[in-house]
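This report refers to the structure that appears directly beneath it.
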Amino acid sequence: MFKQLAKKEEHGFEWLDLSQPENEELKQIAEKYNLHEASVHDCLQPDHLPKYEAVNGYCFIIFRIYADQQSMEADTVQELTDKIAIFFSDKYIITIHRQEQGFVNSIADLLQTQKLKSTRQLLNILIKYCLQTYDAPSAKLAKDIDYYEECVFLRSRKVPLLKGLYYLRRKIDLVRRMLILSYDIIDNLDTEDEGNVNTRDTRDLYIKLQNVYDSLYDNINQLLNAYFSTSSQRTNEIMRVLTIFSVFFMPLTFIVGIYGMNFKYMPELDWHLGYPAVMLLMVIITIAVFIWFKRKGWL
Amino acid sequence: MFKQLAKKEEHGFEWLDLSQPENEELKQIAEKYNLHEASVHDCLQPDHLPKYEAVNGYCFIIFRIYADQQSMEADTVQELTDKIAIFFSDKYIITIHRQEQGFVNSIADLLQTQKLKSTRQLLNILIKYCLQTYDAPSAKLAKDIDYYEECVFLRSRKVPLLKGLYYLRRKIDLVRRMLILSYDIIDNLDTEDEGNVNTRDTRDLYIKLQNVYDSLYDNINQLLNAYFSTSSQRTNEIMRVLTIFSVFFMPLTFIVGIYGMNFKYMPELDWHLGYPAVMLLMVIITIAVFIWFKRKGWL
Amino acid sequence: MFKQLAKKEEHGFEWLDLSQPENEELKQIAEKYNLHEASVHDCLQPDHLPKYEAVNGYCFIIFRIYADQQSMEADTVQELTDKIAIFFSDKYIITIHRQEQGFVNSIADLLQTQKLKSTRQLLNILIKYCLQTYDAPSAKLAKDIDYYEECVFLRSRKVPLLKGLYYLRRKIDLVRRMLILSYDIIDNLDTEDEGNVNTRDTRDLYIKLQNVYDSLYDNINQLLNAYFSTSSQRTNEIMRVLTIFSVFFMPLTFIVGIYGMNFKYMPELDWHLGYPAVMLLMVIITIAVFIWFKRKGWL
Amino acid sequence: MFKQLAKKEEHGFEWLDLSQPENEELKQIAEKYNLHEASVHDCLQPDHLPKYEAVNGYCFIIFRIYADQQSMEADTVQELTDKIAIFFSDKYIITIHRQEQGFVNSIADLLQTQKLKSTRQLLNILIKYCLQTYDAPSAKLAKDIDYYEECVFLRSRKVPLLKGLYYLRRKIDLVRRMLILSYDIIDNLDTEDEGNVNTRDTRDLYIKLQNVYDSLYDNINQLLNAYFSTSSQRTNEIMRVLTIFSVFFMPLTFIVGIYGMNFKYMPELDWHLGYPAVMLLMVIITIAVFIWFKRKGWL
Amino acid sequence: MFKQLAKKEEHGFEWLDLSQPENEELKQIAEKYNLHEASVHDCLQPDHLPKYEAVNGYCFIIFRIYADQQSMEADTVQELTDKIAIFFSDKYIITIHRQEQGFVNSIADLLQTQKLKSTRQLLNILIKYCLQTYDAPSAKLAKDIDYYEECVFLRSRKVPLLKGLYYLRRKIDLVRRMLILSYDIIDNLDTEDEGNVNTRDTRDLYIKLQNVYDSLYDNINQLLNAYFSTSSQRTNEIMRVLTIFSVFFMPLTFIVGIYGMNFKYMPELDWHLGYPAVMLLMVIITIAVFIWFKRKGWL
């Protein structure tokens, strides 16, 4: 689908928006605007990573924006983010994306009411909207971490959390990586020469997002550690039970073994009270072990 | 409740303070000052996170201040912090909050004695007071960490500390997050253009708080690690007891097993001293094991 | 092999390129251009680390570029990287390398179409191309980490991953080290006095690569930790089985031991229902243990 | 005790030094110099944390200096540090402290020979001396860490180190905290407007101390980890012994159990060589297990 | 031994070099150049840490340079480094050291060919040479780490590595500490006022060394962790064997126990095929356990 969102006569520059572009459409536009073949090729790859490239005559930007509709197990670049490709020069901006992006229309509406001086200004608004798609998920991810944190620390009966923690960590890590790889784009937008208050705002947003996701990443890693630690704490509990049983039964089993020996001359065996005496001995030993354990705090 | 703390005629600007505002009141004010619906809506959400927004004509700030009266298990944004919403322009400041906040009155008193030049100056004082609510708890949290540290390292009998450590960590983490999210507010207050000694002071306080809470966060995380480590050290102790018992009784049980066999031709069984000899053998083995253990340092 | 890629008359400077140089060739050139013996000696060492040296009259640079054709177990400087030595002065650039490097020809082609003002400009392009060899592997290494991450977290049956993780970590660490050691080169290229937009670009690329590899290094280290942690989690599972068996059989073995004793006066032994009664007792004990385990959640 | 260390006529400013001040004395001075009640109150609290406060007319500083005479178990602010309170204006400096501080006299001597231009200069010297009290302990703490490091890594017989490590870590952590909290003081001393070479020196010293204590803190934390790790390595050793014993005796005990069964028709029992044959079998099994263990490297 | 390496008439300043100075010599020079007693005293302490001190009239510097001839177990300041003391003013430089230092002669040679403008320039060269003594060892230490890394990760048969790792870590840590403590010296050499390209070079070298040793320190710490982790992984293996044996033999031992009971009425005992039937039962149990283990992946 093809939309002309800004016209030269009206705004001083053109803005073309293609959503779910077909190859034919793309070729036509590439010819018309003299776009490099390599750039168009990158446009069509659904999992291309963020990129900034200054080709002669125009800039080619690939940005990945957060896609909200993902399942819990989504963990690849393509599942978690949508690609938006931007061709940008003084005279035109072309935006290409697969999914309909709501913010494109919002910006188009904005264009009607507000006069933009240059394509650079429009680009800035676009990138800012793209970045903002990462803002809301951070709060959701923080809540997810809080939930798992509570599970790990407060619930003694462990449900299998490892898988959930893994997917959470992957999501956070992936966003962090997208942000790192998008640095070029932000840095070329907010240069010393052409930056202004608005591009500085975009950079501030970028840095804030980086801080937020870095702190999420720290949190999820510490949570993983805590998960493993509490899980290894259970070994402790199991060892305790094992030890208690061994220490109770080992001496008893030894004693009954003694009187199971077949020596001809074992006076105890012939005693009338031999059997009850041994039973009593074993009760005493059991009580002694019991008291010793109580003192150690193992019971 | 509605209070007019500064009047235009007197101070050059207005300051309205609403505590526990009713919807009606809020609507009236929103109309009068031309406040955006979205801002008013945010005002009413009790768990809204810190935010800075420049709407046309005014700035809208949500700040969360530390609420002192919380229980030990308080660990949500709403339990640990109170929201204060600020509408700010050159001509007026409107502060909205649920709980009565003592510092609002302190600032109002200050206004009587000290002439402020602009709303920006008042805003700075407000934000500084808000930030200062985080100062005292940091000392308390540090003391709590010290207490748990002593428990973990010096007391051999473990009380269940995990829950307490968890809540402590949550509190510190939450404050850290609030501070990160408040960065925008501080940064827009102390800009290069309009900042002065006072706003710089506010920023200094902000940075100091960040450092203090970061260091608290490091401490609590290390403490958690130490807790898990000392807890896994106990396994060591339990293993020792288990091993000692096994090594003592296994050979003995084996020996008594031998003479429990029913072979017809076992000369030892017919010996007159067979029984005491075996008993002696077992005593010797026990002593040997004992000496070996002493040397290993396990007894 | 010896190629003259730029001539003084045409470009204002000379560029000599030697691939797989023989000692004789090298000596001739060293004499002609008055190169220091020590530099030439460094040229011939295949595993020399990155270096920047200002000798009188010229600069001597050793850069190591990523070599793509390595096996999975490649983990030394020589296996993972190729050396490229550069002699550089205002009047000439000499590049020396063992393997044919594709980008040398690309730059030579570029020279035909684009006029370079100075050798410094050419050097910048060279170094940038060299740095770019590290760009593509980072994506591949990230994918490898993702694969191992999935193995560690999601597959319960452990394949031996340690070796693979080790080689992955070594590769990342080695690239990081090469980048650290190359800092001098970048810093002397992009000085305050002689730097320009292009050298700044090179530095930006350098910093981006450093960030990317630092983040990879963090990831692989955390992955290693997770690997060890999941592996120690298995101990937990094994302990559980061991404990279950011990707790089931220890009391049973003790009881059968009792009635294996040879006391003359053991009334139970003469009872007609003694044997089935004991068997019943043991069944009851087994069931009791079973219920207890179910409650503990160990079965 | 009350001393006038500098007089207005002579030095252009006054310096009063009170050591172990009585309430009466303090009140008199507070009145004379118009000091705020809250400041005086803070003066009297022995465990008050470092603080910088600009009251109208003067500055109030609380600094904590390292107290050398502490025992090994000293771990509170009060035990490890002494408080020194400073009131400071253009015209006077008042220093208040409980313990006699040697450096006060040193500075007083200095005043006789060297002309100071302002109280700010004197304040700078005071703070520098205060900071320097933290310098010597850092070397001692580093030595202590080295000693414990050696214990943990090289001595196989573990003495109980945890307590010592705990107190060491507390001391380092406490100094770090004091330094963080003293930042305000240093920052207000060495401002952009009024700083000079000397205040810059003080800041340099402050930063150096921070680096040194940060690195000590890292070291002690890593040492703690190593301590726990070596301690859990012992479990390994204990497990080895336990396993060896079990694997040796379990099959043997089973075999003697077989021939302890009371079946009527067990041909082996009637064999003349049954007993020695079984004994031989058990020797062979023992040797087989022994060889297997040797190969595994467990013996 | 005493050498005059630069004379006032010739170079504009004096340079005295004392190697293995005797007390008498030192005293004479101290008198002649009016050196402070405390400085001379520090000169004589063999384990004095790096230090920069501006005494009136001259600067006193203690630098510690890496000493190459150390054994594997060298881990003290004195074993790993040599002290070099420098007195420095506008008119003279005095260098004092115990061991002959090759680079002193190199610099002396340099002085013959190259005219230095000031003692500061000479000092810069001296310090740079001193710093460079740390450069070569870093590569050697990196190689050592690589070797241990290979041992830890790839060799299943563990040799005792802990001691080696300990000494390696100590060396790296000690150099790091020396560098931290030498910061003052570098910072006072390369000041804003008197620094130039050459002193900046020295600072660059200092920073590079710091980065290199920091990264080495990170590596050795991670290696230590990996060592402990692989070592605790072995526990896993041992547990497996122990569990397998227990699970095999516990049921068997129980069964033979049953038929070792002495009840009068145990029908199985009188059966003709009782004995072989029980043996068969035990074989079946063994096979069942075997299959179960195979499925669990423990065999």
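As written, the chains take the letters A, B, C, D and E, and residue 1 is the first residue of each chain.
Assume a residue touches a chain if its C-beta (ideal position, glycine included) is under 8 Å from a C-beta of that chain, and two chains touch if they have at least 3 such contacts.
Source: prediction; values computed, not measured.
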Which chains lie in contact with each of chain A and chain C? none
Where the centres are mean C-alpha positions, what is the separation of chain C from chain E, in Å? 23
Centre to centre, by mean C-alpha position, how many angstrom separate chain A and chain E? 36
For chain D, residue numbers touching 2 or more other chains are 225, 232, 235, 239, 242, 246, 253, 257, 260-262, 266
Treating touching as the only link between chains, describe the layout with one word: line, ring, star, complete or other. ring
Following the ring of touching chains out of chain A and into chain B yields A, B, D, E, C
Chain B-facing residues of chain A, complex: 139, 142, 149, 153-154, 204, 208, 211-212, 215, 219, 222, 225-226, 229-230, 232-233, 235-236, 239-240, 242-243, 246-247, 250-251, 253-254, 257-258, 260-266, 297-298
Quick one: which bits of chain C touch chain E in the complex? Just the residue numbers, please. 49, 157, 162-163, 165-166, 170, 173, 176-177, 180, 183-184, 187, 221, 224-225, 228, 231-232, 234-235, 238-239, 241-242, 245-246, 248-249, 252-253, 256-257, 259-262, 266, 268-272, 274-275, 278
